[in-house]
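Structure incoming, see below.
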Amino acid sequence: MLDKNQIAKRIARELKDGYYVNLGIGIPTLVANYIPEGIAVTLQSENGLLGMGPFPTEDKVDPDLINAGKQTITTLPGSAFFDSALSFGMIRAGKVDLTVLGAMEVADNGDIANWKIPGKMVKGMGGAMDLVASAKNIIVAMQHVNKAGESKLLKKCSLPITGLGVVKKVVTELGVFDVTPDGFKLLERAPGVTVEEIIAKTEGRLVVEGEIPEMIL
Amino acid sequence: MLDKNQIAKRIARELKDGYYVNLGIGIPTLVANYIPEGIAVTLQSENGLLGMGPFPTEDKVDPDLINAGKQTITTLPGSAFFDSALSFGMIRAGKVDLTVLGAMEVADNGDIANWKIPGKMVKGMGGAMDLVASAKNIIVAMQHVNKAGESKLLKKCSLPITGLGVVKKVVTELGVFDVTPDGFKLLERAPGVTVEEIIAKTEGRLVVEGEIPEMIL
Amino acid sequence: MNKVVNNAETAIQDIHDGATIMLGGFGLCGIPENCIAALVKKGTKNLTCISNNAGVDDFGIGLMLQQHQVKKMISSYVGENAEFERQLLSGELEVELIPQGTLATRCMAAGYGMPAIFTPAGVGTEVADGKETRVFNGKTYLLEYAFDADFAIVKAWKGDTHGNLIYKSTARNFNPLMAMGGKITIAEVEELVPAGELDPNAIHTPGIYVHRIFQGSNYEKRIEQKTITK
Amino acid sequence: MNKVVNNAETAIQDIHDGATIMLGGFGLCGIPENCIAALVKKGTKNLTCISNNAGVDDFGIGLMLQQHQVKKMISSYVGENAEFERQLLSGELEVELIPQGTLATRCMAAGYGMPAIFTPAGVGTEVADGKETRVFNGKTYLLEYAFDADFAIVKAWKGDTHGNLIYKSTARNFNPLMAMGGKITIAEVEELVPAGELDPNAIHTPGIYVHRIFQGSNYEKRIEQKTITK
């Protein structure tokens, strides 16, 4: 089983040199800590920055420089600022190569639910609906099951939808899955996790073909 | 009868303090020379400049600084550059207070034709169609009759249309006309011009009510 | 032409009860602090506020919520605000949630004189309920309308007496879009300079979009999540 | 990530016969002189060129017309070019004339991922022939589609190795819109600097839109109408 950092580390292996990447709040943010050697990736923050750097040191904190999670950050050489319309414009135009998001539920057809739980206070979708509807490559980072032990990889989302048929890949503490026309295709098992456990914890259609390799982190 | 400069001077009296103004090529350009004392007007050039200044002195000529007529120009304190989409965006959004254009024909319902003569080489509409469709206040500066002596203030344009029902006012060498639901309403005669001459030279519906004052330049 | 006003009170004096206003900022970053304070002082009521967020309990639009000045919020994300939640649950406050990119683009559309835009955001979700959809090149889009706001209130870093504005870093966010989108646009700036002092190449909002401008004071610039590298 | 190429020849080497390319510039102001020269040298044929103007006989896109490389021009104004006129009248060259603001906005729409936009320009004229119209708030608009260009070739003043661009004065014009609008965007700049040397607040085109960049040379910057104050 992977911890959150290992999920992030596994996702980081999907990065390619020159990628522009948008990382959501939560586990996705951790991906930035595991960018492989020799690969240059530019992080986009949808509030208006390309080239997001690490958190500032105490003396460099600037209230005018935050990320989409409202955290204080820094720029890097080659950064550029822009307004929110251009930010979502570049996302909509497919210029962002990869988007990593958290989710409450993913369906085996790529539907995603990650913004609203009926009965709970609704805070809003922020940029999630724009991102999922527009990004050309979306990887979801999430826990395989919820606190009640129920699968979050479903035949059909039970929560209000954020976007339809948009997720390309899912990485959980149990494994890596491509979203295919036949459902979730198991690509890799997390170290120590059996195919049987994954089958047991996946409610949506699951494709298991041949030997499933254990993930190398 | 007015000469070109007098037509421009008369139109300049329509300017109000704080106006943003787009001046077309030809007589409209001359309006800039007659901005009344005490009135500050900002000229917009649709290739991407607010605050167009006069032609440069020889040593200040800059090939990167031209107006929509491709003439070398200068900036003024408070000028701003922008791209062509924002330029037409501000025009479309009604932020430009007054547009002055030349025309080949104007109809008594405000239709304008100023971009194409069948049988002649067509150079294109440039920004004319955007300007006439978007501007909230359009004054046409033109000769009252063509070289053959035929009226250019018509019941219906004979040339291909640039925009429908958009002209608010026309200033010619003979007079000043508002475009009203009843046709061209004569507001002022040029010095020495009689109402009879204007009637004779206007093919479109003409409204002449009461005493028509002679223009004060 | 005189766009310069003395202070926030003068700038907002004709914002009337029931007005629809755009307010720039993302979270508490780049918000028009001075104008918000003046609106709280003036006590204008029944406002419809278009703003990406609704502030926090004791800062930003949260201050207006405390005074029950807001009838409706049009936002993309409204967390971090207990009073907001209370008013929403009690039915006192109406909220329309809009995807962030849609919110930004509907402001921009107003500034570009475009009556509506197409976006894929929200297709297949409850955001699409009752909205027109259209397929282009095999992809479905929603038709979303330009906002129609009586006023826009924005915060810039530098401005000049012609109303030209420059924003700083990510405090830009929604500000230039709202500056374009309002029928009357009010800009508060940290530094107001005479026309001619800003580089005409570096202007973010051309002055034609700005009707009133003043130099603000006492900016608190509160940070929501101070994250540091040790 | 390496966007920097040595010269125009390398930058344009995969522009193929029959390609659709956007070319920045207004008149001869801000045109990609180096890339045009390289295209002439390469002899690429049957090009569809989206450009506000078509150059003059011996400069700008006029040089490509001389070599019969252009199948179709999509422009708003094409005067000042005798060879252009000859090819048009002989039927060798196809021309689509588009209102200038529509041209600009269709480039921008591509860069913003908006499949189509609404504009009032051309309503009631021959430009509207065969186009869908729609009334919003009592005003009629045309539906105009985003351009779909294989390449965009733009000229900027300064650029950095990440592809960020800054334009100078009115040489900005269509360049940032086309930089956004091309599937592959090639930027030639007067001065190429290392990442970090440009002010991130002052970038006009964020590097994400730019795929290749090089420092051009020998800019002629021809003036079409030199007008001076004595």
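Which chain is which? They are A, B, C and D, in the order written, and residues in each are numbered from 1.
Methods note: a residue touches a chain if its C-beta (ideal position, glycine included) is under 8 Å from a C-beta of that chain, and two chains touch if they have at least 3 such contacts.
Note that the structure is predicted; figures quoted are calculated from it, not measured.
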| note | Top of the farthest list for chain A, CA-centroid basis, is B
| Cα-centroid distance, chain B relative to chain D, in whole angstrom | 29
| Distance from chain D to chain C - Cα centre to Cα centre, in angstrom | 33
| field | Between chain B and chain A, distance of the C-alpha-averaged centres to the nearest whole Å | value | 56
| query | Residue numbers in chain C touching 2 or more other chains? | reply | 105, 112-114, 119-120, 167-169, 172, 200-201
| note | Touching two or more other chains in chain B are residues 75, 81-82, 85, 89, 91-92, 134
| said: Please list each pair of chains that are touching. | reply: A-C, A-D, B-C, B-D, C-D
| Which chain C residues qualify as touching chain D in the complex? | 105, 112-120, 136-137, 139, 141, 145, 166-169, 172, 199-202
| request: In the complex, go through chain C and note every residue touching chain A. | output: 26-30, 52, 75-79, 85, 88-89, 97, 99-105, 107-108, 119-127, 157, 167-177, 204, 221-230
| said: Looking at the complex, which residues from chain B come into contact with chain D? | reply: 45-49, 54-58, 61-67, 69-73, 75, 81-85, 87-89, 91-92, 111, 121-130, 133-134, 160-164
| request: Name, in rising order, each residue of chain C that touches chain B in their complex. | output: 1-2, 110-114, 160-162, 164, 180, 194-196, 200-201, 203, 206-209
| In their complex, what parts of chain B are in touch with chain C? | 17-18, 20, 40, 42, 44, 50-51, 75-82, 85-86, 89-96, 134
